[in-house]
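You will see two complexes here that share chain A, one where it goes with chain B and one where it goes with chain C.
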Partner chain A sequence: MSRIIWILAVLLSHWRRHPMQLATLLIGLISATALWSGVQALNQQARSSYDRAAAAFGGARTPMLAGKDGAAFPQRLFTDLRRAGWPVSPVVEGRLQIGGRSFRLLGIEPVTLPAEIGNAPAIGKGNSQAFIAPPGQTLAAPETLSELHEPEGASLLASNGASLPPLHVQPQLAPGVLVVDIGVAQRLLNMPDRISRLLVGPAKEPRLPLETVAGDRLRLVAADAESDLERLTDSFHLNLTAFGLLSFFVGLFIVNSAIGLAFEQRLPMLRTLRACGVSACLLNAVLLLELVTLALAAGIIGLVCGYLIAGSLLPDVAASLRGLYGAEIPGQLTLKPQWWIAGLAISILGALAAAAASLTKAARLPILVAAQPQAWQQQQRRWLVIQCGVALVVLIAAGGCLWFGDSLLSGFAVLAALLLGAALALPALLELALSLGQRSARDALVAWCWADSRQQLSGLSLALMALLLALAVNVGVGTMVETFSRTFITWLDGRLAADVYINASDDARANEIRAWLGQRPEVQAILPGGRAETEINGAPVEILGLPDHATYRDHWPLLRSANNAWVRLRPGDTGFVSEQLARRLNLAIGDHIDMPAPGGNWTLEIVGIYADYGNPKGQVAVNFAALTRRFPNIPRTRLGLRVAPGEIPALMSALQGKFGLDGRNLIDQATLKADSTRIFNRTFAVTTALNSFTLGIAGVALLTSLLTLSNSRLPQLAPLWAIGITRRQLASIEVLKTMSVALITTLLALPLGLLVAWCLIAVVNVKAFGWRLPFDVFPLQLLELVGVAMLAALLAALIPALKLSRMQPANLVKVFANER
Partner chain B sequence: MLSVRHLTKTYRAAGEQVAVLRGVNLEIAAGERVALTGESGSGKSTLLHLIAGLDRADGGDIRLADKLVGDLTDAGRAELRRDRLGLVFQQFNLIPSLNVEDNLAFQARIAGRHEPAWHAELVERLGLGHLLKRYPEQLSGGQQQRVAIGRALAVKPLLLLADEPTGNLDEATADQVLALTRDLVARTGCGFLMVTHSARLAATLDRQINLHAGLIA
Partner chain C sequence: MNDRRLISRRVFTGGAALLGLRPRHSLAQGFAGLGEKADGFAAVVPGKIFSFPEDLGSHPDYRIEWWYITANLVDSSGAACGVQWTLFRQASKPGPEQQGWASQQIWMGHAAVTRMDLHRFSEKFARGGIGQAGVNAKPFEAWIDSWEMRGLNGLNDRTVAPLELTASGADFSYALRLGADRPLVLQGDGGYSKKSEREQASYYFSQPFFTATGRITIDGKPVEVSGQAWLDREWSSQPLASDQTGWDWFSLHLNTNEKLMLFRLRQNDGTDYASGNWISPAGTSEPIAPAQIKMTPTAFTATEARRLPTAWRIEIPTRGLAIETTALNARSWMGTSFPYWEGPIRFAGSHNGMGYLEMTGY
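And then the complex of A and B:
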């Protein structure tokens, strides 16, 4: 044991003498672990919220009986089914406005609630009395109480004036959900004697067939391991994971470069250890022990950093998920022990992967030095050819995935293969560019520069590959976000064509407002709006009513349409479908769809397809009058107004004064657009942050590689110094060389990045969200990135160059002394 | 103590087989001090490396302390070097990240045979007392070689193998270092086999063996 400790002490003593190298190694491991575990923390946080939502009293995890058209059904069916041996429990569900925010209200019946439902124990036998008996309880997650700014025990008042039972905390519930007794929920939601669905427990006795009891009014919905929310948000999390993985690999490049340098510098030490009687097996075991110890230390720091990163990104991620999918994520990070263990494991595995080449070399280390530079160079050349071959295979695989793949995963596979192939091909491309430069050089010093850059290539290639990946992803994601941003603003202009939007509390109030507005001369048009909900192939679909008015005809963002589409929309037998619904159902102009409606299926011919960015649900737009005929019970509380320019503020104050409308139900177009743009920007804040992190890590990778190389560069530089080139000149040449190689890499990264952008826009986005954006190139953005890359390269090159320019001549002389 | 019989070793260089050792026979008794001389390329260093178990012979036997070196595994040869041999090289081969004190004690420590009294005596006899906290890069060539000799002798080996130990030193320093080595070898009673180009230094040892074209001349 003491032998191991002594050998370990010797190995560790290297780091004491080279603290910068140790710092580099730790920075690489810490950043790799931090970004990976940070992203995993965000994913885990979101997934556990989905689990809570899915398990909440009749979520997707419980089998249930629902109405055929998704509508509520008579409570009598519950008693009929219980008598027929069905272990069912009723649930009422709806939305409730409290303090300007909308909450999901669930009404349950605790006595019949199946015991298998995760949240049931908290209101099990002991507590059910308090839950049912007056004043009852309103169960809510701690996050919901914080959002409401109410303590436990407080009684809430809904916007319609109805009061809720006192609040009671139940941590298992998802945020934004309120659970009350079924009778209370029926009163609050105005659903007397009606229920939304029936939860089905495991049958202990024979039961009559469903059809015999309920006819065709109910359908059995099987339990689903994956909730709708999980399915919807899969793409978002896959995106985050892809970023985390990219940062992880870029971090590992740094580790690889630091370990590679340490190995090269420690070669004489390792040989001495072997000569002093340390067996190869023991030496490798201790090298492994050293690496694992360092990885563990870095892993712990990385996890803490990952926690901080996740904590700082969580509000933006939560905003993105709420904005994109309506998913509620608590704002406080709670992490499971598995996260910590997985983080440490990934740090150790990453370190082992990054050190694999060095460890293998150490295992095969001959004790006697065999100086074979020629053989080494030949081996490098062979490896370059193999690497090129692998790059070609990977790029062909990318093409194959693009051609044959038809899923989100295949989209990401295209991206991954494209990036990997390009990174693998980079050293060969650089070698080609540098050798062309060398051939065209006339001046001896310039020719040396090219030749020396080629020689440096093997040491720098990993860092340059990291730079290429980071830049390409930056170009790709930057182009996509910019394209999305511009398209989104144009689209928003089309969708928000009215000047003022009103949402009245009920139909009667809406009529009053409409009558009052009819007498106002500044109001040029009153545009009623309405929405209904239905399901097509089991997926929720919104039906939007559009009044027949020039405001919509002139602005609505139609992507494709039949001739006279707006005229043909009037009778009510045609409709427009959103792009994502058209893609999901493979619909084209002229096709027909059947939509379940209260009076029977509504068959519509598709006469237009429009953009509906950011909406996870499919949408169909029909004539408003036709919608109210088919769905007579929908609220007609939404109004859009066209108002003479300059009259909007006065009209809004008048509406506020007359009808008590406030910011929640009266908003002007400019505010609505500003809010939407703010949400949009927040959605992409996470992407931008991760993008910057990746580029930052690539910069560090370049710096560490240059520092690594600078230590072994003296034998190349000392002869030049000896023949009369000053240290300052040498330092300038070193900077120029680094900048040239970085510039070539950056120029190669630009087309690769545009290819990545095209993949994101034309493949990944379409599969993930169901919409396709136009592909645009933004030259200024590209120039800016070239500038950033050059700045990063300059900063990375400056430190070793400064070190060189200030080096004592004695150190340069040593090169010749050692060569004796 | 050391018996070498019919030792052969061939290298492949530039596509050709080069026979470096062509049947070397050698005996060294306990406490005997032997100089191995010969022109460049005669196989002196190769012979030393084979005896130390740093490389494997193609044919013949090396018997050291009743063990056939050729039969030992990598771990067995490592154990032999650690516990029974002391090695000194022309390039000193100190561990740059350890100070003089730790470099001196290193091999004895990993062999589990660190004796503080012997360590102190070595420090004193080698004149390293004022250099203990310095690192190898802060020492002169002669000082570094004294540390290397101390490290090799700290385990009280059976045999001290030295490959051109004075090759990097000036004449006066070389004489001084070799005198110290002879004293310490005598103090420990170990055998001593030194490769050298210098006939003058070779003459200071008990016996001289000349290697010529892979054979003992």
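And then the complex of A and C:
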């Protein structure tokens, strides 16, 4: 045992003499662990809240019976089915306005609720009498209570004046959901003796066929292992994961270069230890122990940093998930123990992977061969060739993925292969550039500079690769976000054509408002709107009613359309489809789609395809009059107004005063636009933040590589100093060299970044969201990035250069005295 | 603690479990808290005049009520088996019955099939007010989900026959047709059944003279069965004393065509309150004084960490009865929300025959 401790002490003494190397190693491990686990924490948080939402009494994970057209059905069917042996439990669902916010209200029946359903045990068996018997309970997540600023036990008042049972905290529930007894829900939602759906329990008893009991009024919806939210948000999380993975690898680059250097420098020490009688086995074990200890320490710090990163990104993630998908994520991070364990494991595994080459080398260390601390730089030519070959293969694989792949995952594979291939090819390209430079050099010192840069390449290449990757991803993501925000704003301008939007509480109210508006001279047009919900191939689809009016004909943006599309829309046998739907169903102009409608299928010829950014559901736009004919029961409460400019504020305040409309059901175009833009900006806030983190880490990688190299470069620099070049000159040469190598890398990163952007826009976005954006290049943005990269390189080169310019001449002399 | 005041003759409990009492620990307290006072529910008093078919239906003014059928049957190969069908009603609070989901009634159903080699059971819960479970007096029909006890055409109010009885679980089902040619029998003293030396009591009548034929299906294999069955109807608001912890209840078909109902309520202090009725072949029911009844366990079976007396010696010297009972299946454990033992038994001695035994509070 004491032997192990002594060997460990000898090994660790290296770090005492090279604290910078230790710092590099730890920074690499910490940043790799931090970003990876931070992203994992965000994903985990979101997924667990989807679980909570899905488990809220029969999300998609429980088979259920739903009304034929999705509408509520008589309660009588529930008792009829129970008496026919069906283990069903009724659920009533609706939205309830409380204090200006809309909540999802669920009415459940705890006595028949299958015990297997999500959080049922807590309610079904725990205290069902308190839940059922007056005054009953309103179950809500702790987050909902704090959002409402109400204590447990308080009785809420809905906007329609109905009072809810006292609040009771139920931590398993998702935020924004209120659960009450079914009878209470029927009263609150004004659905007497009606039921939204029936959950089907797993009990296996003889039962009559569904049709015998309910005719064709109900249909069985099979359980789905994945919740709707999970499916919808998959692409978002894949994005996050991809970024986490990228940062992780960049971090490992740092670790690899630090460990590689440390092992090379310690080779004489290892040889001496072996010569002193330490067995190869023991030495390797201790080396491993050292590495794991370091990885553990760094992993713990990395996890804390990851927690902080996740905590600071969570509001944006939550906001974009809510804005895009309506998914409620609590604003407080709660992490499972698995997260901590997985984080430590990834730190250790990462360190082992990064150190694998060095460890194998140490394991095979021949005891009698003289140690060659710098031997690793001598084989670089052979390495370059091999690496170049691998790069070629990887790039070909990227092309293959692009050509044959058809999924989001293959899109990301294209990206990953492209980046990896480019990174692997980088040293060869740099070598090529530098040797061209060397050939063109006349002056001896300049020639030496080029040659020395080439010699330095293998030591710097990992850091430069990290820089290349970070820059390329930065260019790619920056271009995509910029393209998106421009496209989106133009699109929004066309889409939000009306000046004021009203959503009345019911049809009668809408008619009153319409009558009143008809007498206002400043109102130029009243445009009715409406939506219906249906399903195509099992996926929900919205049907949007567009009134036949010049406002829409002139402004509504169509990506592709048939001739006279707007005229052909009038009769009601044609429709426009959203880009997402068109891609999903592989539809083109002139194709036909069948949509379930109350009176039988509605067949539409597609005469236009339009962009519908940010909508996870597919959408079909039809003539409003036709929509109301086919879906007679849709609410006609939505109105868009064209109003003379300058009259909008007065009209809105008149509407507010006259009909008691507020910010939720009366909104002007400018506010709506601002809201939409805000949601979209937040969607990419996370991407941008992670992007900057990655660039930061690449900068650190460059700095640490240069720092570790600076020590080993004395033997190269000392002869120059000895022939009369001052330390100051040497230092500026070093800075210049680093800058030029970084510049070449950055210039290589630009086309790669544009390629990445194209991949994101044309492959990943299309698969993830279903829309394709025009591809634009933003030269200013690129220039800015080059500046940032050069600044990072300068900063990274400056510290070792300063060290060099202030180096004691004695140290330089020592190189000659202290010959190896 | 008012909510805990629930009771049934045998298993009250569905309700108790439903109301959030985790039965195992609170069994004794659950019983102990039961029914010292009627607390706004209608009280059980001596001298009630029963009327049929009304009293076949439910009595929502009372806290608790049940419809209970046990049948001792033999299948076509001569093997003995038993069937249980029970519907409990319990009101969570007194007062006029509320409509719809606001109803304060909760229903619980138990069904079981017992053979020498197996015991299968199932349990159902339902809220009142919506038609998922309930009892109509005329035409007579008691149901919870798909389980039914239904009067067939020509139902005689005095005999409650003919009846059809159905129930099913995941791995068993049965359908029986019950007939009887003798009228209902009032238990206790003219239907007033005392449960302690104090005021605890219930209204209680039976139909012990049912003949049963039908079919039992276990694991998809149907067998024809026939035999005799016994209906108990009982309701109360305060049937147990606070120091009573459980009971042992017998319904016995003697080979002499006489019937015997016996129960023993066990008390905290180790003493019992025993009672019973001797029913002649003609249907005349005579109470048996507590002092004349001797019930002694003779063998025990360990089930689920409990020790249950599954064999008994019963003596009623005034009737010249001294019998030894054995269970058809000693593991007739009802592992329902509120667990108990219930299964067919047979007996020999001064009299021979078969019957059913229910034991709670172990």
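Keep this in mind: the second predicted complex is superposed on the first by the 803 of 820 C-alpha atoms of A that agree within 3 Å, B and C clash if a C-alpha of one lies under 4 Å from a C-alpha of the other, contacts with A are read in each partner's own complex, and residues count from 1 in each chain.
One rule holds in what follows: a contact is a pair of C-beta atoms (placed from the backbone, for glycine too) under 8 Å apart; a residue touches a chain by one contact, two chains touch by 3 or more.
Just so we're clear, the structure is a prediction, and the values are computed from it rather than from any experiment.
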{"item": "Partner chain(s) touched by A:A130 [first = chain B, second = chain C, both, neither]", "value": "second"}
{"item": "Chain B versus chain C as contact partner of A:K336, first or second or both or neither", "value": "neither"}
{"item": "First (chain B), second (chain C), both or neither touched by A:Q186", "value": "second"}
{"item": "Contacts of A:V111 with chain B and chain C, given as first, second, both or neither", "value": "second"}
{"item": "Touching partner for A:R83 - first (chain B), second (chain C), both, neither", "value": "second"}
{"item": "Which superposed partner A:R3 touches (first chain B, second chain C, both, neither)", "value": "first"}
{"item": "Partner chain in contact with A:R728 - chain B first, chain C second, else both or neither", "value": "neither"}
{"item": "First (chain B), second (chain C), both or neither touched by A:R271", "value": "first"}
{"item": "Residues of chain C defined as touching chain A within the complex", "value": "3, 17-20, 92-93, 100-102, 104, 106, 122, 125-127, 130-132, 143, 145-146, 168-170, 173"}
{"item": "List of chain A residues in touch with chain C within their complex", "value": "75-76, 78-79, 82-85, 109, 111-112, 125-130, 132-134, 181-183, 186, 193, 203-207"}
{"item": "Chain A-facing residues of chain B, complex", "value": "49, 52, 54-55, 74-75, 78-83, 85, 87, 89, 93-98, 102, 106-107, 109-112, 135, 151, 168"}
{"item": "Chain A - residues contacting chain B, complex", "value": "2-3, 6-7, 10, 13-14, 16-18, 268-269, 271-282, 367-368, 820"}
